[in-house]
Amino acid sequence: MNKGTKKAEEKREMKLWDKGYELDRQIEKYTVGDDYLLDRKLVKYDCLASIAHAKMLAKIGVLSKKECADLVKMLEEIIGLDKKGAFAIAPADEDCHTAIEAYLTKKLGDAGKKIHTGRSRNDQVLVALHLYYLDEFKKLKSKLVSFQKVLSAFRNKQGNFAMPGYTHMRKAMPSSAGLWTQCFIDAVEDDLLLLESVTQLIDQCPLGTGAGYGVPMAIDREYTASELGFSRVLKNPLYAQHSRGKFSVAILHLLSSIMLDLNKMASDLILFSMPEFGFFELPEKFCTGSSLMPQKKNPDVLELVRAHYHAVLSHEFQVQGMCANLISGYNRDMQLSKEAVMKGFEVTLASVAVMTLVVEELVVNKERCAQAMSDELYATEKALRMAEKGVPFRDAYRKVAEEFKRP
Amino acid sequence: MNKGTKKAEEKREMKLWDKGYELDRQIEKYTVGDDYLLDRKLVKYDCLASIAHAKMLAKIGVLSKKECADLVKMLEEIIGLDKKGAFAIAPADEDCHTAIEAYLTKKLGDAGKKIHTGRSRNDQVLVALHLYYLDEFKKLKSKLVSFQKVLSAFRNKQGNFAMPGYTHMRKAMPSSAGLWTQCFIDAVEDDLLLLESVTQLIDQCPLGTGAGYGVPMAIDREYTASELGFSRVLKNPLYAQHSRGKFSVAILHLLSSIMLDLNKMASDLILFSMPEFGFFELPEKFCTGSSLMPQKKNPDVLELVRAHYHAVLSHEFQVQGMCANLISGYNRDMQLSKEAVMKGFEVTLASVAVMTLVVEELVVNKERCAQAMSDELYATEKALRMAEKGVPFRDAYRKVAEEFKRP
Amino acid sequence: MNKGTKKAEEKREMKLWDKGYELDRQIEKYTVGDDYLLDRKLVKYDCLASIAHAKMLAKIGVLSKKECADLVKMLEEIIGLDKKGAFAIAPADEDCHTAIEAYLTKKLGDAGKKIHTGRSRNDQVLVALHLYYLDEFKKLKSKLVSFQKVLSAFRNKQGNFAMPGYTHMRKAMPSSAGLWTQCFIDAVEDDLLLLESVTQLIDQCPLGTGAGYGVPMAIDREYTASELGFSRVLKNPLYAQHSRGKFSVAILHLLSSIMLDLNKMASDLILFSMPEFGFFELPEKFCTGSSLMPQKKNPDVLELVRAHYHAVLSHEFQVQGMCANLISGYNRDMQLSKEAVMKGFEVTLASVAVMTLVVEELVVNKERCAQAMSDELYATEKALRMAEKGVPFRDAYRKVAEEFKRP
Amino acid sequence: MNKGTKKAEEKREMKLWDKGYELDRQIEKYTVGDDYLLDRKLVKYDCLASIAHAKMLAKIGVLSKKECADLVKMLEEIIGLDKKGAFAIAPADEDCHTAIEAYLTKKLGDAGKKIHTGRSRNDQVLVALHLYYLDEFKKLKSKLVSFQKVLSAFRNKQGNFAMPGYTHMRKAMPSSAGLWTQCFIDAVEDDLLLLESVTQLIDQCPLGTGAGYGVPMAIDREYTASELGFSRVLKNPLYAQHSRGKFSVAILHLLSSIMLDLNKMASDLILFSMPEFGFFELPEKFCTGSSLMPQKKNPDVLELVRAHYHAVLSHEFQVQGMCANLISGYNRDMQLSKEAVMKGFEVTLASVAVMTLVVEELVVNKERCAQAMSDELYATEKALRMAEKGVPFRDAYRKVAEEFKRP
């Protein structure tokens, strides 16, 4: 065997499924996509799941105690490297799972080659994703709670300023900064409720479902689930596969529900901070300018929050379309769902953070609000006062309407 | 006043917001749309909510006991008429709310004109929708539970027949009719969990939020909420408006999640009942024919279940897009969400029912399944047996792979 | 045979694919859906295509001259009945194609049974749809041209009123009613260009492609295409099937492109007719009121135009998802595309008509516009004047920006 | 001024809209997004447009001949640097436009500060995008034509092999490899027609429309349009802004239309290359394996082509949602459309290339196809033969149907 062949041989060893033929280079690039980049987020979770898996394999006698201890040590080493950004995944590795197994095999020899006993890349990916999702949920929850706190502080400080309330984008009835703010506090409260229910879905351990048809071996699924902190085992292996799309969509729906609240808030702030209204004031440091028009101070950040709702929606929609009309069992199509969900988390977390900053510095212009409290806003009250005195409401309504007819 | 004018006057009285000018006829048609048809589903719920509202108005002294009793009686009469399909909503009525108020006013005079005191059509629509949603949820839950029962019976009877398991649409590992069936039982279980959480969202009473800015009057919201059986009051009036889009999408997401399960099941059944596979057999009475090809028996019903997933998705997507980039407070855009959600319920309920029928008559062809259990399905097991004897899994894998190379 | 059986027999004769077994009633309802209602729009086109088909069958000797003449006469009779709304399609008929063939058979006996020679319901549906589409395109074109005319008249009359131009929803530079109007005239011009290209797609005759694999018979496709006024034959039968989804989406994309223009126009008009701006005035007869707030005059029609964009989008999206991940050849899923496209046409035609009405009566409030022409709008011009005198633009920009800093 | 301040001053100079205050760091990160990365694709086009703009400024006397020559030279230098990957855009630059202007100013002083005279970043971005789009169209057209050629070669070589044709995923009538292939050749032909019409939309020069309200200066738009090779000037400045969303969607619709063809083709190939059918054979080098199951050879590349359709769709959908419900004039939301369109091009080009590779090596298994040509496929022909002999088709159909009844 000459040197060139040997090198190629080594490269080929990188694929978990290598069986001695080479994939067309262009095809390889197309199939790997950005997975080797995206998977940086999963290294830690794959290692944690592999540690649990190794311990289980030792428990059922497939690994010796020594092999298990070596693997655990090495996996912790990778976690450490990864923390420092020092664990690389090459495009040729395809994904983090291959890179990790290759690293273990290189360092430990046979023990490394044994780590994949009793699992498939399918359940390996799934368990890493579930662990990753649960961590993201924690971050999300914490950011949402902070957002609520900042909103509450804003409401407490500036909430009792009167402000016109609009329907159909026309002045309707008296509102207040507090009423407006509370709307979003309550909306986030319901998002937290949705977050809880999606967490329940994800809090099932898919490790041990293999490629969707179980593992013909006496593995201990309760053990790994419990080691990894899951509340329960995701039992049916075929459902583990089906759930990948279903759960991805559930997560993205949660994220788009949050983004819808921000979209609404941003839409309000953009309109009502127009100098023509002036109800809200945005701090200058949040506004960007124009390259042509010297006077401009634009609410770009709010416009982008508004737009990012549609980005998250499009991820949701992509997964919804992608996993349809396909038969049960893993289909490679699902690979693309990874980026969709990751981007969804990224954008939503950033958007909540940014809106929290905005509300922290948001100012209600009391004077402009007061000036805007014109008579028409009290028309309903007038009619209701008449109704309280016994005039049938519909008659009172018409009487007041008469007063407000255009001259 | 001549006769013609009087007639027009009468017609104009139909609009809740009438103030003495006429809407362009073409514009009217465009704005009313199909609401007068869709609203047939809401008559009962609007009456129930109006009964609670009337009682509350009596409690706070706006209505006399007599007025209240008359209104309640008349509203119950409408419920009765509606049950028999005898309560008509004309296009000129715009919606059921106008038709009902007009009916009350016609029958009771001033008492009818008083029913709208302290509420807006906005919260009136919302509360009717919430009541309607909660009823639909009950139907849906019951249908899902029936579906699970039929699936369980199928699994118990035919579940232990072996069947090839596929990944990437290629034979992978041994599966069984039971494994396959359980996947969907578990999927529905998670849908029921989602149903629970969406029910929690909807189980808030929006009556009393007026047009989004509350009602400047001492109404008793706890009372109406409790009369109508809601667990809690949806407090913030502006959130009541915002929640219309948010909750519609949450409902449609639930429905599309259920439809995704059915889409997957239909996709499996269409493929595996192809004569080329023959794993499943569909009863003849579920198959339709071709107008040209005399031999054909087509699984149309399954294809349509598959397709209806996309219909439900499109409703979800419509509401998601429609309520974005808009400011707080009611915008008429939301009118279109009504049909989207109603259609979502209709299609999903029908699809679950139809799939229940299909599973009831579904037959696993044991012989065809057995014939399909070829050697390759056991390759993984072979490698794992070697792994159990100490051969590193990756080496065992390559050895077995060698055996399965194409000649 | 007793009477009951005979009746059932007769009923069963209604299906083109009838071969002697009965479809489950619930399944039948599910599969037929609303087709028997939707198909009312296709009766005429199916008859026209059947006339061309009958003539062709006579030409190649399958029908006698007499049979052909009888069929043509009877089909023309149906067209006449349909015009008067007197040709009924019962749910049991499934669709107009069955109803028409049944009518012909009932009236003409064997000649009716021969009409389906050499075609399938698949190409029969396709050709009727293409004819229907081409007619709708004509209507659409005419409505768009009228809309442009009304826009031009508006521009000619009120176009030279100055108006602030906005970017980021902040005053930017001077604009005018004419600049604004011309934007939409030009947008429609590009829509007409798209309409032309989609017309080219549809202007191919699919009749004769059978069920997607041609017709094993010497039919004359050029003849029927030319009889029906198509520019060319859609040759490949499998592509005829694939094109159903592809073309439906192309049509819906055209419609959503038009609706996007209207969405933008409606968004502008809703904002700038707010009393806070007052640039535009909507005639009272286009505004609806509130059931609670006596003073309100709401731009509902514009809000609904805005919302209907999302409805059309959702139809587009439905077909895009529905026809994906499926193999070639007809799949029943495509049935649902019919309603999607029909609704798309309906809503778009109505929306263009309604916006034409709006523009006809639209008024620019010259005074309010003039008042809004504040200094900042001229900042760019100021900087450019300095630039013309040799000051580097970037320096001029900063100098002017300094002037407009918030105090 | 101390050193720190000076540095900050220099950094601030990087923004085109800088007017002396600093943007919050987190906000800046959020608003810039990945633009500084995406814009690498636009450097060349921005330089080309800037060259035309500089020449025009010289023509109308705003730049001296020397200034113009210097700018042109420097812009050509940047094009050269960019070609070698040596022109960097830092995140602090925001985008390529700022980086380029900053470079010019650094190298040329006042001439650099003058380049932005008479244009806005808005029309600068638009013109660069149009030039970029037109180049991508050229690539796309060339790839589609190559794809057609490869398909034709495949059809010529293996096209006359008979193959079963399917409808409803059930055997229907005889088809052939040629019929199948021609379907996609014709589909691509129609895509080329759509490409032509979208090219017509894009082939309008937006340079000179400023920020959407024109440039109050005597610029020569015909001159720059012609210098840049555009067929016509995109006249209305407000439409230039509106067209950004409209045209982005038109492009993405074209791309998704192409991807739909590939999705269909991939779906066919995945099914019919299953060993259970064996009509098509995929070369081993295009197949990937499983990490667990040693025997597997999976059509991953086809599954990903199938899935990428949904990715392109999701980009289309994102832009469609994002640009709705917003008023005229630039809104920052549109920034996100850039990535959507760029990704759309990237994925579509790669997918067409990959499918071309696949077809180049695709093999029809003549024997397996022949074996699959069972009697039922000829049922229609049988009925038609009877019809030719005078038996009414509907009677012939029923007679043949009788023969094919399940035993």
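Chains here go by letter, A, B, C and D, matching the order in which they are written, and residues are numbered from 1 within each.
One rule holds for everything that comes next: a contact is a pair of C-beta atoms (placed from the backbone, for glycine too) under 8 Å apart; a residue touches a chain by one contact, two chains touch by 3 or more.
Small disclaimer: the values here were computed from a predicted structure and weren't measured.
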Farthest chain (mean CA position) relative to chain A: C
Proportion of interface numbers common to chain A and chain D (over half same, under half different): same
Chain A-chain B separation of Cα centroids, rounded to whole Å: 25
Mean-CA-position distance for chain D and chain A (Å): 27
CA centroid of chain A to CA centroid of chain C, Å: 37
Per-residue overlap in chain A, given as positions that touch at least 2 other chains: 18-19, 116, 122, 167-169, 172-173, 210-211, 271, 284, 289-290, 292-294, 296, 298, 300, 303, 306, 310, 313, 317, 320-321, 324-326, 331-332, 380, 397-398, 401
Chain C residues touching chain B - in the complex, by the definition given at the top: 15-19, 21-24, 26-27, 30-31, 33, 97, 116, 119-122, 124, 210-211, 284-294, 296, 298, 300-301, 303-304, 306-308, 310-311, 313-315, 317-319, 321-322, 331-336, 340, 350-351, 353-354, 357
Complex contact set, residues of chain C against chain D: 18-20, 62, 101, 105, 110, 112-118, 122, 165-169, 172-175, 179-180, 182-187, 190, 193-194, 196-197, 200-201, 210-217, 235-239, 241-243, 245-246, 249-250, 253, 256-257, 260-261, 263-264, 267-268, 271-272, 306, 309-310, 313, 317, 320-321, 323-332, 380-381, 384, 387-388, 392-395, 397-398, 401-402, 405
Chain A - residues contacting chain C, complex: 167-173, 270-271, 274-277, 284, 289-290, 292-300, 303, 317, 320-321, 324-326, 376, 379-380, 382-383, 397-401, 403-404, 406
